[in-house]
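Next up: some structures, all given as structure tokens.
The two complexes that follow have chain A in common; it is paired with chain B in the first and with chain C in the second.
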Partner chain A sequence: MSRRPVDTGDPDRLYTITGGRSEAPDDLDLVSLIVSECEPARGMQSEHVRILKLCRRPAAVVEIAAELGLPVAVVRILVGDLLAMEKVTARHPRAAPAVAELPESSLLLEVLDGLRNL
Partner chain B sequence: MDSVTFEPSARTPLSAVAETGLKIVVVGGFGVGKTTLVRSVSEIRPLNTEEVMTEAGVGIDRTAGLPDKSTTTVAFDFGRISLSERTVLYLFGAPGQERFWFLWDRLFSGTLGAVVLVDTRRMSDCWYAIDRLEHHNTPFLVAVNRFEGDTNAFPLSEIRQALALPDHVPLIDCDARVRASGKNVLITLADHLYELAMARETP
Partner chain C sequence: MAHPDASRPRPKSAWRHLPIATLVVTAALGTPVVLAAPDAARPWVAGTVAAAGGCLVLLASAAARLHRRLTAQLDRTLAESARQRSEAAYLAGAVVPEMTAALKDPTTAAPGAAGAVRGPAGAVRGPAGAWHPAEPQLLAVQRAVEEAVGVAQRRAAAVDGERRQAVRALASMSDDLRKAMAQTLPTAVRRLGEGASLETVRAELRLSQFANAHVRELVEAGVRELAVSERRSAAAQAASAKALSRVQAQAVSILADLRGMQDRHGEAVLGDLLELDHSTSQLGLLTDRLALLMGGRASRSWNKPIPMESVLRGAVGRIAAYRRVRINCSSNAAVSGFAAEGVMHLLAELMDNATSFSAPIDQVHVYVEERSAGIVVTVEDSGLKMADAALRRAEEAVSGAMSDLASLQGTRLGLAVVGRLAVKYGISVSYRPSSRGGTGVVVHLPAQLLAQQRTAPRRTAHELSAPPLGRAVAAAERTPSPRSQSADAPPSETTDAPTAAPAPAPAAPSPTAFAPAGDQGTGDNGSVTANGLPVRPPGRTMAAADRARTRTKRPADDRPTRDAGKSFGAFHRARLAAAAGEPAPSAEPAPSSPPVMPSPEPALPSPEPTPPSPEPAPFADSADPRHAD
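Right after this comes the complex of A and B.
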């Protein structure tokens, strides 16, 4: 499953998938967890259908990209579509988006405990 | 067709109540063992994906799928560790070479911290990474992957000197192939981050 070829070699296809659009929500992080709020409907774009199926349980943007074999930038646009249509919701990372802003010690303690219990 | 290649059963889903995704980045030169380290601690087989960008590294999202722009792609691996039902940690392996700097802003944004993985035979490979992490103010530790062929076995004190690493940056040995060792790297980093946060929060 890993090392599946990523579909970057064919810009025309990516252009088609995104309808030539290039804007994605700024707050959509690699590790934002995406959750489907509905089942796929007839007539939806196939990539949207695949995302809705995958996100019946939460999945990070980067996992969606790997599973679909599409570049992250393209997946962010597709997820942005679904967010705008309210077909999915996003659970954004609690850690501050700004670089150099350390998260709270309580979160780090949670991380530490989680790692120790592995 | 999609449903055949794409049944969710083929992967290990997260807990339904997972709500917080966290990031730690593993950087280092080519072949230093980044993917090996990610694999040894990840609960899933490491996945691979790519980011597409302009050569200039600006307007990342605007270039996606635009055939008339000069784009470049960079691949990176990642793994996953569910820390609890609600919290999941993603580990990203990122190439440390200078030409990949544009990937870093995206990866490092909001990251908890970084692991710089070092091969003592090619120590200079990580200079650039350390420089950028310091520039970004991203907390990090340096882990020396002790390959079997590491016959020189430089002591850590010499490596610290060679890397001009300040005393406050943790420097440890590891064996990226061994789960317990990889786990220890992450715990040491998390401990370091916790200390930093406590120091900042305590007036």
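Right after this comes the complex of A and C.
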């Protein structure tokens, strides 16, 4: 038998964490910075508690996903829940006008070269 | 019936005096004749008369004797006939009825034991069987009758013997049957059920104790059939358990693969993957249920305590209508790893029942309550109330009383599984009417299934070991982290000693830059630059993300407060020790006493001795206090 003797993962399946949802809200992207607005309350879902604790300092969605070990889509759903409950706020680092002020690609390439030469 | 003449003496007849009378008559008649005769003729006449008289007397006496003889003969004949008649009458009236009676009732009247009977002549004749008539015909008749009676009696005796034999045989057979029913067969059933082989059981049963061959054969055949059916069911169970374990392994590996895909692929397919995940989880519940009934094992087992919330979610994820289940759990308790899978399975079965026996729009509520004696989980639906009989049956099933496969009814396997799990883990499951209108199931998890609250101390241990990594070492990415050192400590111990010593040097600028913040606020020392702008510590995200992905996940929340306090305390101690004189705390300040002391930087390695990591070893080697001094 090739059965593993023990399981090391978690028993929760992702659809039980999201309550069966798989559509993330559109207004959150990977680098949206999330900041918690309140302390976790008793009886909250444990992922929400962890997000709230984690976002005492601003943290990007992708960072939360890495910390929680969950797919980004799931984290976006969870953060969307918290946003809807107004327990966190999201800041979008790339506002529309800022796109125009992005540095030139040649400059970025130069920076990349410099980084590689480090 | 005696003849009248035979019984009384015949009167004396006149025949006896006949010769004398003749003599007298002859004398009377002859005397005148002789007197009348001339003298010359007188002697002749006298002689003639005398001769004639003599002849007459002789004749008369002969006649008288003949008559007497004839009379005697007649008497004898009469007596004989009377005797014969009486014998016949006796034979017919006493002997034959006695024989007949003996024939009719052979047990009470054995032949020859009829007792004394008065014979025809009034004499005691003894037992009728011992009496024989003198008359040959009668004797023949008696013999014939006796023979017939003897034959009949012999036959009766033989039949009687056979009957006794049959009664004995019947008694022994019923004895055997009773023994077989009361002793042998139950023992055989028990032993075969325990898995003993047919030969063993047959030897143990001592079938030779049965006197009756038929019973012996019957019992043997029954035991043989029983053994075959036991073996068949055991083989079927083993085969299905084996096959199911393969299916279980497949399902588990599919789940693992799906989890990997959910991580790898984007949102475009996440919904589909979740659907697949859900179907596979339901499949896992089905196979687990069957495997448990077949004596197999659960598909998964956990090597760590599972928090109650995860247990409930793991349970709810296995049923079809998981969206209808509302989990209300604020407990921080965790179920021990060995019992977690069983508890999950049990709760999944109960939730499955609750969702399938309530209206598809109604919700099923699950409450968790911590008690001193364990945890109470209540599954309440608002569906149809269970009928009394169904409730009784359900309670009987969940009590584990129906552990035999034979008591399974149709497709209702879930409650039988609940019963088995409850018995296995000592969980009590009871039904009660729900306040929501349906049925409530109360599950009490005893305290021995719950893990001690080890999660919190372990997290702080993580956080204690994290600070040097987060601040001092993670700042310089080239510096090996404590984890990597602990991972490959033995080979790199000698080579690390030189590298570890200069390592703080390049890292020195950044801690010193943040040192004021760390000293003042003991809060986030890396979040604010001199200009007051928020700054992410260089490399922190990358490092944290990398760590989270590659090694164990370590919580990064509230790390700054704890590690700052800790490191400050260590720094404080170290400085006190340095001020009071070098050797004050013997081993504690050892890492903090390298010559590069005066900056706050030594505070960074100082907390490292407190967690039991192999980290201080290279430092202790290179910076032994006596060496340093």
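The rule is short, and it goes like this: the second predicted complex is superposed on the first by the 82 of 118 C-alpha atoms of A that agree within 3 Å, B and C clash if a C-alpha of one lies under 4 Å from a C-alpha of the other, contacts with A are read in each partner's own complex, and residues count from 1 in each chain.
Heads up, the rule we're going with is that a contact is a pair of C-beta atoms (placed from the backbone, for glycine too) under 8 Å apart; a residue touches a chain by one contact, two chains touch by 3 or more.
Small disclaimer: the values here were computed from a predicted structure and weren't measured.
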First (chain B), second (chain C), both or neither touched by A:112: first
First, second, both or neither for A:31, with chain B first and chain C second: first
Touched partner set for A:23, first chain B, second chain C, both or neither: both
Dominant toucher of chain A (residue count), chain B or chain C: B
First, second, both or neither for A:57, with chain B first and chain C second: both
Partner chain(s) touched by A:79 [first = chain B, second = chain C, both, neither]: neither
Partner chain(s) touched by A:103 [first = chain B, second = chain C, both, neither]: first
Touched partner set for A:90, first chain B, second chain C, both or neither: neither
Which superposed partner A:45 touches (first chain B, second chain C, both, neither): second
Residues of chain A contacting chain B in one complex and chain C in the other: 1-4, 6, 8, 11-12, 14-18, 20, 22-24, 46, 50, 53-54, 56-58, 60, 62-63, 66-67, 71-74, 76
Of chain A, residues touching chain B in the complex: 1-4, 6, 8, 11-12, 14-18, 20, 22-24, 29-33, 46, 49-50, 53-54, 56-60, 62-63, 65-67, 71-74, 76-77, 91, 93-100, 102-105, 107-116, 118
Sites on chain C touched by chain A in the complex: 245-246, 248-249, 252, 255-256, 259, 262-263, 266-267, 270-271, 274, 277-278, 281, 300-304, 306-307, 309-311, 313-314, 316-317, 322-323, 328-330, 337, 340, 344, 524, 527, 534, 541, 544-545, 548-549, 553, 555-558
Residues of chain A touching chain C in the complex: 1-20, 22-24, 42-43, 45-46, 50, 53-54, 56-58, 60, 62-63, 66-67, 69, 71-74, 76
Chain A-touching residues of chain B, taken from the complex the two chains share: 2-3, 6, 8, 10-11, 13-16, 18-23, 41, 45-53, 60-67, 71, 73, 75, 77-78, 80-84, 87-90, 92, 105-112, 136-139, 183, 186-187, 190-191, 193-194, 196-198, 200-201
